[in-house]
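These are the structures, in structure tokens.
Two complexes follow with chain A in common, the first pairing it with chain B and the second with chain C.
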Partner chain A sequence: MKTLHKLSLTAAVAAVAAGTFAVADMPEEAAEPSITPRAMADALHLVMDSDRTVYTRKIVNRLAAKDKVITASEHYDDEKALVLPAQMFRYGSEMVAERAEEKPDVNFSYSLQSLWPVNKQNAPRTDAEKEGLQYVADHKGENYYTVETLGDIKYFTAVYPDVAVAPVCVSCHNEHKDSPKRDFEIGDVMGGVVIRIPMEG
Partner chain B sequence: MSAGAARRCLLALLAAAPAAAAAGTEDRYPEFADEHLTAGRVIWVENCMTCHGYGIAGAPDPNKAKAWAYRLEKPRETLYDHALNGFFGPDGTMMPARGGNEDLSDAEVKLAVDYMAAVAQRANDLADEQAQSEAETDAVAESRLDPRP
Partner chain C sequence: MATRNYPRLWALWIASTLIGVVILAKVLANGEDKRVFMPGPLSHGHHQIELACNACHVDAFGGGEVMEDACERCHGDQREKPLDSHPKAKFRDPRNADRIAKLNVMRCVTCHVEHQPEMLKGAGYTQPIDFCFHCHEDIAENRPTHAGLGFETCNSAGCHNYHNNRALYEDWLLRHQDEPDLLPVADRGLPGRDFGDVLDQLMDYPRKAYPVAALSLADADAPDAARSDAINRDWLETSHAAAGVNCSACHQPPGDDSEPGAWTDKPDHQACAGCHGAEVDGFTRGLHGMRQADAVGEVVKRPLERMTPADARLPMQPDAKHSALNCTSCHGAHRFDTAAASVDACLGCHADEHSIAYVGSPHHRLWQQEQAGELPAGSGVSCATCHMPRVEFEPNAWMERILVQHNQSATLRPNEKMIRPACQHCHGLGFSIDALADPALIANNFRGRPAVHIESIDMAKANEARAQAELQAELEAR
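So, the complex of A and B:
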């Protein structure tokens, strides 16, 4: 893959990590290009995946699967249950999109998509998304990276596999009335995390 | 050639070809002469590799020696129990009972465990051999630097 231009995303990385901007004493170097779009996407995904894994292990696995003091359910509100890890991830992406609108320097988006979505809103829309989701499904353990132009803006787009890690992932998708695929097995790629970063100011 | 020398040669060959070892299923997850392990490999590749082969959800890859060193020290019955009945690790990881495949019999699960333990043992033997080889190389290098007669 050709070398991609570096982006001025250092401040964005700091903002994602700290949850706020601290510009008063920011040295000039902090505004200089220092990270590639791919490294930025990988870093973002590392944070997302780690947070989701911690929630799955420390909250859902411990309280719902092991100690059985509460359940985790898609209908968490009605059933007074924990939100599913995938739902937590999705709510996070929606909040990021909402909060990023107020931060002009933080310009990226991410979403959990699938070629076999329970909710049709989570199906891929662009050719890059469709190709990327198919690639990660066909090449276990690999990510997909590309550049796409939407409108007049060039974007770096990365797709990371989303894998069924527990029986509940498989049973929920296989048994859900709206699921277009019902033969998932543990370890299967069920979809992907799509991260999109603009490559031009 | 003694059995030990032959084994060291094999290990040296394996160490000299990391790219090949990382390439395909056949290299990373070898067939052993033992029929019991051959049967276990078939079950493992079909049911266990999908997570253990990629480290998904914290599933330990048997080719990672360090991850398996303490597991190999456990009684085999403990590993069987974890695979058959499921297991919650200290970090909140979760091994589903029978790898999530309820159709597997107890005997089939145990065969897969035995195969995975054999691969992990091979990885640990290789790591030990490499550590010993490096120690010997360091000792030789130090002796050459030693000015004493």
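So, the complex of A and C:
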């Protein structure tokens, strides 16, 4: 596999490690390419998945399902409710896309998708997404890695299973009128996180 | 065949060409009015700044990016969530690369081409109107109610709006599905203005120079030459004196050093912006004040003449043609009478069919009754009730207040954007959707009932029934 753009890797790794894009007095070693695209995607996913799990369990499930002090709703603004975990994830992803545009050395994108999406725009579109989502649904606990070309740019693409981590995941998706699947259970793979990193060449 | 030369004609041709080139070059280099170079008229939303080519054409040698930057300088913050349901960020994801190749929605000018009025499909939009097809061609599979509907109808009144789909989403339609045409009296009325109540939370309010405490005539700090009995009385009787806003607060607007500037008899909109920044921002985003917009001024680098009714494309009152627009055009110093600004000011200039029909309309009668004290505050319907609605606004991250939206375009096109901030204060949702889809009813200023019916709510109900039936069937099957 071809090496990734050195700067994009180091900057993104620094971002993951330090949680910030500001790097002061960076030692020379930090500018050396020393991470594979897969390791970078795995690291990014670990952060995303942990934050997502914490929000779903500690905020939404605790306050909306257990303590019942607030609801969570797609129309959070009108209903003065919590944003849904999927919206939380998507807004973060869109903010990353927005902020990364100012930083040409940092280049990756990610999205939450499903074979059974409530919002049909989150169904897989590319071959890699279709195969990847099917793979992580069929092979519990495994990830899917591939390379694909989109708009003349070659990407390393990783697909990670997105698992029902709290009762609210299951109840909301099973009862949503636009949900194409209504028999999810806790621990089921409900979809996947797709991470893309552009490669040189 | 022998050819003949006509040396005099050649000389004349060359001379007239040279003269033409010189004249045009002079206009291009020094002229304020460069409209002779316009390839075609500008759209309804931009013709106000047609004397400022460089408001959009910032760099004569720049490509499409320069134009995009110009669009974003004025419209950028409207194109983000939650205001925009199709923000650029959504399309930056490489998974949408094939969609961008078909219709590059990353660029404003893909759908909003200027100087080509023959391409306009309304509201500055120039693509074929069935563009939703590119991404939503399978919509009927998920929304059986949409089967057979043409993609040219997505944008019909009460339905979908590419940039802001939030106005009338399905659950909103369902929540308001059974409302009567006119809401019960107890549920009607506008949100009250609350500027005075939230002053202490506004960080940039100049409370240090002008503490919020009532002033008397003895406190007034205007030079004698600038005073008159009428001015004194008007000031004393309004909120400005009551809230400690002295003469100098408006007439000596502070410079960059925050110190009071030189006295000016006629302060401009920037003086008002010291306290009413959000209102002024709305004014300069709308058709009335966009020539004074900071975003335009920054690149044009010369003050533009203020907009006058003579510059408008809508029919205007002939005797108002040359009154240049500023805050005081409608808010009349020093009374700043908001009731007059809500109707009289509008009708002083606007003379189109809808405006003229307002007088004597059911909305106008309610307004007169409110002004006469026969109905409670907020129950009359002025021009501003609908065109400059009172909306929830976040001046900062920690508070919300009611703002009079001074950008009248914000809710004008497509007109269903007006339903939530205006119509629904008094009317049921179904009635509102139908009324705004009936051009004849709009023209006569809502004298009568809608003659058309838009099926938005019917579709939402049908979809809800389908989903509930499916859910029930699955529960029983389990």
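General remarks:
The rule is simple: the second predicted complex is superposed on the first by the 179 of 201 C-alpha atoms of A that agree within 3 Å, B and C clash if a C-alpha of one lies under 4 Å from a C-alpha of the other, contacts with A are read in each partner's own complex, and residues count from 1 in each chain.
One rule holds for everything that comes next: contacts are C-beta pairs under 8 Å (C-beta built on N, C-alpha and C of every residue); 3 or more make two chains touch, one makes a residue touch a chain.
Note that the structure is a prediction, hence the values are computed from the model and not measured.
In this superposed model built on chain A, chain B and chain C occupy separate space and fit side by side.
When the shared chain is aligned, no partner comes close enough to touch A:Lys103: not chain B, not chain C. Draw one line from the C-alpha centre of chain A to that of chain B and another to that of chain C; the angle between them is 140°, to the nearest 10.
Legend: residue contacts after superposition of the two complexes on their common chain; A:Ser111 is shown touching chain C, with no touch to chain B. In the superposed pair of complexes, A:Glu94 makes contact with chain C only, with no contact to chain B.
By the touch criterion defined above, A:Glu129 lies against chain C but remains apart from chain B after alignment on the C-alpha atoms of chain A. Of the two partner chains, neither chain B nor chain C is touched by A:Lys154. Using the contact criterion defined above for the overlaid structures, shared-chain residue A:His139 touches neither chain B nor chain C, since it reaches no partner. More residues of chain A lie in touch with C than with the remaining chain of the pair chain B and chain C.
In the superposition on chain A, A:Lys80 makes contact with neither chain B nor chain C. In the superposition on chain A, A:Ala166 contacts chain B only, with no contact to chain C. In the superposed pair of complexes, A:Asp178 makes contact with chain C only, with no contact to chain B. Least inter-chain distance for chain B and chain C in the combined superposition, rounded to the nearest angstrom, is 10, based on C-alpha atoms. Residue ranges of chain A in contact with chain C, taken from their complex: 74-75, 77-78, 91, 93-95, 97-98, 101, 109, 111, 120-121, 125-126, 129, 150-151, 153, 155, 175, 177-178, 182-183, 194, 196, 198. Those residues of chain A that touch chain B in the complex are listed here as 53, 56-58, 61-62, 65-66, 140-141, 163, 165-167, 170, 185-188.
Across the complex, chain A is touched by residues 50-51, 54, 56-58, 88, 91-94, 96, 99-101 of chain B.
Contact residues on chain C toward chain A in their complex (touch as defined above): 81-82, 87-90, 92-98, 100-101, 135, 138, 142, 169, 171-172, 463-464, 467-468, 471, 474, 478.
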